[in-house]
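To keep things simple, chains are lettered A, B and C as they appear, and every chain counts its residues starting from 1.
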């Protein structure tokens, strides 16, 4: 198990290097550091000197991937790519292109992001599983048929509509909660509750329908017949046997996104004005702040890899048959 | 002058591929059998009718040309504006632009304007230039006029429907009596649920005919901020949605199929490399990857304005790139699925038997593995379609979707949502976008379900009609 | 009073708009403490009968008519709640697939405990004691410890024991055993059957045994009912049935069994296939496959007649008529067997296939599974070598390694004078010509997306289209299929027909040696007979050699010239079929032969103990010593050398080491 995890961690290094390489390549294929400097300094009246000093100040005054003027290890290390990537592995993100400390921003914004993403995940999971269980238990009855119809209809509605419709009804028409905004502390509840409800509702259709098929697959297995042959009740067969087996793929499949919850939700945060990492990322995209985008991509990848490891660990916990090698 | 945009070309290529495959499959029972099962599905065929109507609009909207505006010294001069066959068909709708917002079926503008009249200046709701323009007293005449026009158009719709239904019955009757065939078709005693499909078609005609008839005298879904007819915008958005939903998968398929099968069948270091590749791509948050790519591409387009003759070409190129980028980020799932399947198939006895004959690896891949994973490919393509249409709206909202000048559900929602705060609210552009999007995505979802049930051997068992137990509890 | 009684039971399955009449008017009754066997081939409705009794039908099934009585009261009119008091408490059931029938994520003790909670009101401690007692009763060693294990930690045979413990936990009056040993190896089958017998003696429950295996019926049953196409066609006491089966179908079942006494002659077989149960029948359902059918059979469904000993539904017994007359064996059908020593076609020397086990931080090779471990044998032209062993002994791996479908770790395979290991693809392609393989699963061995013609053409690369046009029909004809089969797809054929196609495909390259990997084990007895006859005829006509991989001893007895017995990657005994079958030397061979249920004998003999150990971690010394009744101290230390017992008879066992004059090669 320990050996397995160490191997997984070692495997993460080439992946993260690859991720960095890709982001760099994407960014600099069309942009040169000069372009970046021009954008950051404003389009008008940019002197070559100003560009140069911006590049020096922000560390963009070196070659991108390899340095033909150097030899040996410095051929690769004395470059923008190396100098900008390596600190990331120490989780030092430096300053954004407009000069603010990225790590500090992330620290202060992770909280609000989690306040939305975590409840959406937990409540959504429970809602999806309960709804799926209900349909699977009443399979082939009207409850099931209409449940599936509702699910398909619900998953055909754009998530934007859930947000706009929810904001309109709850906040604008009924004035139950503010339309958008955020405050720290306990008063955040009134800002958070609507996004959470909308987040849960918009995922219910596809989630519940998918879990229903998982439960139905379990219902058809031979061990269910064995359990029924013991004379135990339908309800016990369902909740003791089917639920346990069905939850294994459901829970382990969901584990991978748990770490990524830190990243927040782009759309939700921008609609509701939540100062989280999602809206941070969105702003960075719009202002083309490469330092932030790069850091967020790196963090996202790290969290995903952690998610993969957690998935494997959760498999061994949930399913006695699986042992990690 | 005919213009073939990149997306047009690819759309027709795709259409051609589908037709060739249909001709190929119709003579092969193992290929056509699952499609017959799709044909037996009621919900699948109802949604297919809706999809065909939407696709027809999309295809009409894919024949592009530049109208001739003048002859200058013996040389033809063409407009810089690229139009489509669909634009020509709904010319009135397209040309009837008002100054700004107006609500559905209204004869007046949405907001008051200062007009100079006989009694001096006054602030009134001015009459629209086109909406209800031929009415003398809109307050009295509008409703009867709408009803009259709808009724006439509905009758036309029924007539057209009856004609189509008649042709269908005649083609099905094959020498048997017309009345008898008609009663089996309408009674639902046919293998393919023709009666449900005809019913759907009738419903569509009863809505579409009046809507089109009214569209030349009113704005059925109102007008937007710059006075464009929202109904027209919604119809134009259909093509964008279809293009994103289909071309994206067309772009990603070769990657996913090739790499997935290579990784699974050949294994070894190739497998490691391919797995590394998709784990890496997967680990980058999709929106970030798309956003970064789209922004880069936008920078490129902005830097090279000379490359594009018309705005439509520029928007079209961005659409193609968006499809490619979406494709690049979404091939990993299918690739992993195919790798797993190829890994399983590699141990299948018929492949071992082929190896024992000394059949080459290339041949084993093309003759044995590829045909046996195609059902997975198909299922994932149809399942992917609706999520791509939905994704377009979100991405356009974030600002990394289609070109702002391109009409799409996303740009409609994006420009309309700012008006939510107005009092009274401007709701119709949003409503139109959502209604059309919902119709498209729902029918795509239902059709995808029917396809999956027909092609996936596992779910076919589960979806069997189930009889009630003898059970009181 | 009868314990369990079925009255005109009809169970239908709805399948895509078709009604499958899986059980169509079945009546029988079972008395206290008796074993009643329901015998039939696959798809005849016997499993649906058992599920109908407990009302555990799949969702698509329904009981359309008839009734089931337990101790005189109707089960079908009970409410679901009342039915739950019957299940497990009065009637227990075990299923065919022990691997799938246990909940994978619950401990076996808890799964057994569930029955006790429901039906036997014991406190916690008593329940725990009872679970251990039950596990002990079904012969699971260390029951206290094992109760806390999960199903995946048990072998197949052990899982079936757990299921038996579970079914018997509440001491039901009836145990339904639905093909309880079909998924198990023959030595494990013998253990499970023995266990069922001893438990029945001890607890006195009645057993409804559902099986397709005449041998199992012979060893277990008091009474027998033969089921065909949804109906029972014959019922008799065990002795009467085995003395003189009455229905033509029953007789054909006996006649199509392979065995020692039928060597040299063609097996009798039932023509055609089992009819689809979704169609309507008029007349006798067996009529179209029956040699004795006359007009009445096709029009009128027969009623029950007494044949003197058994009740039978056949017009031939109407009004006390004597039944079908035994026809003379068609002499022309008999296959002659050349028995001259020939030259060697294939010779395998010290062949090993090892699979590495990766462990640790850098996935270093930490160990190896010696799936095939230094195997040597040779096959003569025109002869059949049967490779016998339990599942997991490495016999399939060996077959694949011979064809170079798997790279051997070491050793040599010499085919027709040429070494074929370690060749590159092109030279291997040439050298391997004439070496072919037929697989076990007829459904997995043909590509479902290719026409039969395309499948067969794969084996004829160098041929022109004219040559192919001539060759394909003749090959199909050779295996007994019509010419137009080439334009159809595999899904249009039954399992037996597909196996014929696989044989035709193998014949396309003019092979001289065919590796047959369990070619009949997925088939019904009557179809198996067709395939065996075909293989024998091909051998006689073309002088083919076969490496016949099988676990079925009666097939070996029927067609093998030589036998090699494999145990955990090594051949423990080999020699002429007559020698080995008549006087098996190795204790494992003895156990294997003894474990085969026989229609001729009632009482089983000495059997192998325990399960097959893991090939990843075989016991030290002789791999068999843990299961061997004759184990000696040296068996634990050293793997025995090969010892020559006769001209061609070799065995690897310490029992023969000291006295035997000859020593191994």
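Keep this in mind: a contact is a pair of C-beta atoms (placed from the backbone, for glycine too) under 8 Å apart; a residue touches a chain by one contact, two chains touch by 3 or more.
As the structure is a computational prediction, the values presented were derived from the model and not from experiment.
With chains as vertices joined when they touch, what's the shape: line, ring, star, complete or other?
Topology of touching chains reads as complete, every chain touching all others.
Looking at chain pairs A-B and B-C, which one is connected by more C-beta pairs in contact?
Looking at A-B and B-C side by side, A-B shows more C-beta contacts.
At what distance in angstrom does the C-alpha mean of chain C lie from that of chain B?
Computed from C-alpha means, the inter-chain centre distance equals 54 Å.
Report, in whole Å, the distance between the mean C-alpha point of chain A and the mean C-alpha point of chain B.
Distance between chain centres, rounded to whole Å: 28 Å.
Give me the residues of chain B that touch two or more other chains.
Touching at least two other chains: 466-467, 473.
Mind pulling the residue numbers of chain C that touch at least two other chains?
Counting only residues that touch two or more other chains, chain C contributes 59, 80.
Which residues belonging to chain A are in contact with no fewer than two other chains?
139-140, 220, 233-234
Per the contact definition, I'd like the list of chain B residues that touch chain A in the complex.
276, 279-285, 287-289, 291-293, 295-297, 299-300, 303, 386, 390, 393-394, 397-400, 409, 413, 417, 420, 425, 430, 434, 437-438, 441-442, 444-446, 449, 458-459, 461-462, 466-468, 473
Show me the residue ranges of chain C that touch chain A in the complex, using the header's touch definition.
Residues 54, 56, 58-59, 80, 84-89, 92-93, 95, 97, 100-106, 114-115, 118-119, 150, 152, 163, 166-167, 170, 358-363 of chain C touch chain A in their complex.
What part of chain A is in contact with chain B in the complex they form?
Going by the criterion above, the answer is residues 14-15, 18-19, 22-23, 26-27, 29-31, 35, 139-141, 152-153, 155-161, 164, 167-168, 172, 213, 216-217, 220, 233-234, 260, 263, 266-267, 270, 281-282, 285-286, 288, 293, 296-297, 300-301, 304-305, 308.
Could you list, by residue number, the parts of chain A that touch chain C in their complex?
Within the complex, chain A contacts chain C at residues 3, 6-7, 139-140, 220-223, 225-234, 240-241, 244-245, 248, 318-321, 325.
Considering only the defined contacts, which chain B positions touch chain C in the complex?
Going through chain B, the ones touching chain C are 29-30, 348-359, 367-368, 371-372, 464-467, 469-473.
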